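Structure below; questions to follow.
By written order: A, B, C and D. Residues from 1 in each chain.
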């Protein structure tokens, strides 16, 4: 393997490790706020991964929306429901933990089995520099090939906005 | 159908038009009508058509027309008689037979045609039928004057004459059969004229059914001959029969079957029972139908198809004994015996007719065609005379029974003398009509070596003379035993009697020995025959007649015979009761066949129908309604319904159990969903493997 | 052919159905309007029939004319195939004529309960069913018309019938239905084997059934048709149906419905399964002949005049079936002639019984007591005339049919044993004597004799105008068909030759 | 760099999300786990997009944008619902909010 590929693998390894560790911490942290922070870590690492996979615009959007907006709303949620700052022991549903683990592992096993059967033979890829017009192409395809879903998503966002407002009002 | 009607009307009208033109054409050179060789024969169809027209007119307009509708019948028959006489003279002059075809039609592969054929024999029959019918029409004017349904009587009389002429003139067996049956119906209508009393209508039914039985036999005979010869045409069949074209077995079957028809219609031995009962009809009817015309239809049928019978039964000199001869002889004898013991004057004459018909059949049986036909001719004359005579006596005395008569010769001279002449002719007194024709038959019987027939013939001749003398003496001699005072019948009745009397005297000489007379004019297929003088037959016949007359006078006129003969001598008493019960034949038929079919057999058949066949059907109905229905109902209630109910509450429990999994915990749902998806993916992957 | 000709037949068949609808639209109380509509409907149908008869090409009566062949249920290949040939024409005209006369006859007096609107509607529906059966050349269409007839007749008997009319109506309905079920199975068997429902095609190239299956299929057809004819063991529904049916109902039942069975034999059973027909023929002949004798004996035992005539029509149909059983052109000509003649004569007989019933209010012969010739001279003389026609007097319509069927029985189609058929002929001959017997005996008890005192006083009107109008055509036709049988034979002969060609006819 | 590793990464992250959803009692945390699952999906999409560079690269990215947009809307609604529940029941433990049971 050319050394450039080695570098890419190393960077991928770091990003993957961060993602997995953040993820695990999010679901196991006994402190809600800390869980939120670990979530930020996972999302940022994913953005890095996207950059590695030549999807800079997506990485930027990831950072902007996920980390910028989604986590903020979550924090608001945590603040408004007066969640205790310190350790809150009963965050997990002990009895369900085993089921959760089993379900997760079963799912993981099945998916890996399937992926292993079908995609193992895919050759390694030497990630070269992203071609210049990628984003321009993305913009055009959004408004040409995917114009219907694009409009639909705008409608969904609008209705979500109104819905959230309607539910969250006091009276 | 109506379209076919339109086309058929056109065809029928063209036929009529054709005939009309023929008539018109004849009209143009009317003068040529008589002297054309067989021109009058061309008018033959008119003779047949006139009575039918008369019938329709009388039926529909009778009540409102003169003589209460009789006018049409009389004129129709008068015209017919004139034409027939003209035709008779032409035929005597040797005119060739005339054949006339009307329409032919196709019944599935076979040609069937209707038409007339006028030859010497037909013309002779025409002459006889129209003459007697005309005289009867005149006679009935007086006889039926105050009777009920006068117009209907005349209508049926014309219909009868028309059908008889139609039958006589037809050139094929099918048309003859049609005429044959129509004549049967007319006899039913006329016998049952006084249908108020039940015996009269029963007599009519008896006549129709008995002749119908004969007709069925005849129909089968026609089938046999039709399929053997491929056509109904009489000429064709007889030609083929004579030339040996039809196998003997088939011909024999055909002839015998035809003869069954003759037995029925001409009242021969087994089926003769209807003729005496037919006397229930008015006397003119008996005179016309049951003496001169209808009953001789059978003789006509055999004579017309003589070749068939001749080849079938090998008739002629030295031939074997055949059914025709046997039946004729038996009938001849038993009828003569029965006539001896009758009290009703018409019954005497009826049995005498049966006996004379037996004579003619026997004559045909021995192969004497001319003799039989001549006897038919003469018999028609004097038997009609006798019946009309008896009619005038009954009209005067208002009773049929000779016990209420006696000594009528003073009050009814004309009737007496004419009746005497008729009886003499019948008895075979030399010189009169009966003598010559009977002598001819005896001669042939003897000549053709049928000695049995000859012997019985002589015996019957004697018996005939005997019962006729008895009848005459009981009716006209001795004191008047009835009540009231009889007087001579009006001229309308006596004139026909006189005419017939004259004919009975003169007609015999037509076939005088050695003279080119009747035998020459009327001959079967050209076999002309001149009567030869046969001293044996003549002497024997005359002797028999004389013995009969003397014996009759001795018993009934001079009343010299020892009285009480019957009750003393056992065999006489015995014979008397046997004769009185008409050989128990009537009872045999009534009890043996009619009553069982009419009552018991039909009850059984109807019982089978109602109880067994309908029973089965109703059984099936009941079974389906009861057994099956109950069974299905039980099945439905317990089994099917049970199952349904179980299923229902099973579902209920199951529903209850399932309800618990709705814990409300969203996470559990997701867990189940995830596991389920995993299992599904495994299944798909494993299946795709 | 011009447009009118193609649609004339459909018009003749479905005009009465249109009439039914028209009548039902007429408000209930305007009875005369309903009667007029019925008269117009049947009248026009009859006119269409006459138009067809006039335009019918008699020279080749075996070919189908006025044909309409339009796809109908394409899924199973059933087509609306109606046409007319020598065999169907007389029967169609008969049914059109008789229904028209029925409407005229029942102008003044409708049976209880008094509802002329529905009564006439049912009669018209019946007419469509009847006429349709005779012209249908597709098995399914034939079956539809065959069943269509059952319903109106069921109601005619069930609603306007005599005392136990429900029993008779149900029996009639179920019995015929039972038969037609087997018939349908046979039709389907033919369809599976030959792939088509079209009768013409089936007759041309017969479905190649194996010997035994052909017999079975013919058995199914036989059962369906024999019940309708009715033949000997399956006839018990007829007397009940007739005793309970109203006059018009039993006239139509006798004059036309019975002919659907025999027509079925001639049109479907014989041409499509000639081999099976040949082996079934002696049995059909046997049943027919038993039917003749059996029915005549039952007639002797009848007390009710109408039931007597019902049994007599079983006997007459025996003659028709004997004609068919011989499988010869003469025989089948005789059968069709017999059908038409029986239609005219027995139709007229039931009219007369209806009129007698309407005047005497009873049909028991003993109750009538005789002397009708004195009481109702014209009616009685018509009864005598028609009875003589019925017992087969030559020169009247009854004779040719019976004569030719016995004639054909004397020498049946090649392959059939002449011995058995000649015995059938003889038995049938004896049958004619029995027929003459019970008819004359009936006439003696009804017409002749003196008027019993119980009827002395009751005032009765003789034949009225409507009855004349209804009866004159029948009487004239009875006379014409008897004197000039070519009027029917000419039409049917060509077509019959076609049918019997398969039997070496 | 092999596609397989990226896919394994997203699968793992997805399983972790499942674990979180099933185990966590706090509604907000459940939302967070759902965010994890969505991210796993995005990784997967971009991974495939990059490996099918010439055909589906742009489509994958468009798809990821849509997922992100939907995720944002979903969190907004989620939190609004959580607040509404919190207002009524003063507790947002998922297993207590079970009034929807039989």
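To be clear about the criterion, contacts are C-beta pairs under 8 Å (C-beta built on N, C-alpha and C of every residue); 3 or more make two chains touch, one makes a residue touch a chain.
None of these values were measured; they are calculated from a predicted model.
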{"item": "More contacts between chains, A-B or A-D", "value": "A-D"}
{"item": "Centre-most chain, if every chain is reduced to its averaged C-alpha atoms", "value": "C"}
{"item": "Chain A and chain D: spacing of chain centres that average the CA atoms, whole Å", "value": "7"}
{"item": "Distance between the centres, which are taken as Cα means, of chain D and chain C, whole angstrom", "value": "85"}
{"item": "Distance from the mean Cα position of chain B to that of chain A, given in whole angstrom", "value": "121"}
{"item": "Inter-centroid spacing, chain C versus chain A (mean Cα positions, whole Å)", "value": "90"}
{"item": "Touching two or more other chains - residues of chain B", "value": "667, 671, 674"}
{"item": "Sequence positions of chain D contacting 2 or more other chains", "value": "18, 21-23, 94-95"}
{"item": "Chains that touch, pairwise", "value": "A-B, A-D, B-C, B-D"}
{"item": "Chain B residues within the chain D interface of the complex", "value": "659-660, 662-667, 670-671, 674"}
{"item": "Residues of chain A that touch chain B when the two form their complex", "value": "93, 96, 99-100, 103, 106-107, 110-111, 113-114, 117"}
{"item": "Chain D-touching residues of chain A, taken from the complex the two chains share", "value": "5, 8-9, 12, 16, 19-20, 23-24, 26-27, 32, 35-36, 39, 42-43, 46, 49-50, 53-55, 57-58, 61-62, 65-66, 69-70, 73-74, 76-78, 80-81, 83, 88, 90-93, 96-97, 99-101, 103-105, 107-108, 111-112, 115-116, 119-120, 122-127, 134, 137-138, 141-142, 145-146, 149-150, 153, 156-157, 160-161, 163-165, 167-168, 170"}
{"item": "For the chain D and chain B complex, residues of the former touching the latter", "value": "18, 21-23, 30, 94-95, 97-102"}
{"item": "Complex contact set, residues of chain C against chain B", "value": "50, 53-54, 56, 58, 89-90, 93-94, 97, 171, 174-175, 233, 235-237, 294, 297-302, 328-334, 340, 373, 388, 393-395, 399-400, 403-404, 406-408, 410-411, 425-426, 429-430, 432-434, 436-437, 440-441, 444, 447-450, 477, 480, 484-491, 493, 496-497, 500, 505"}
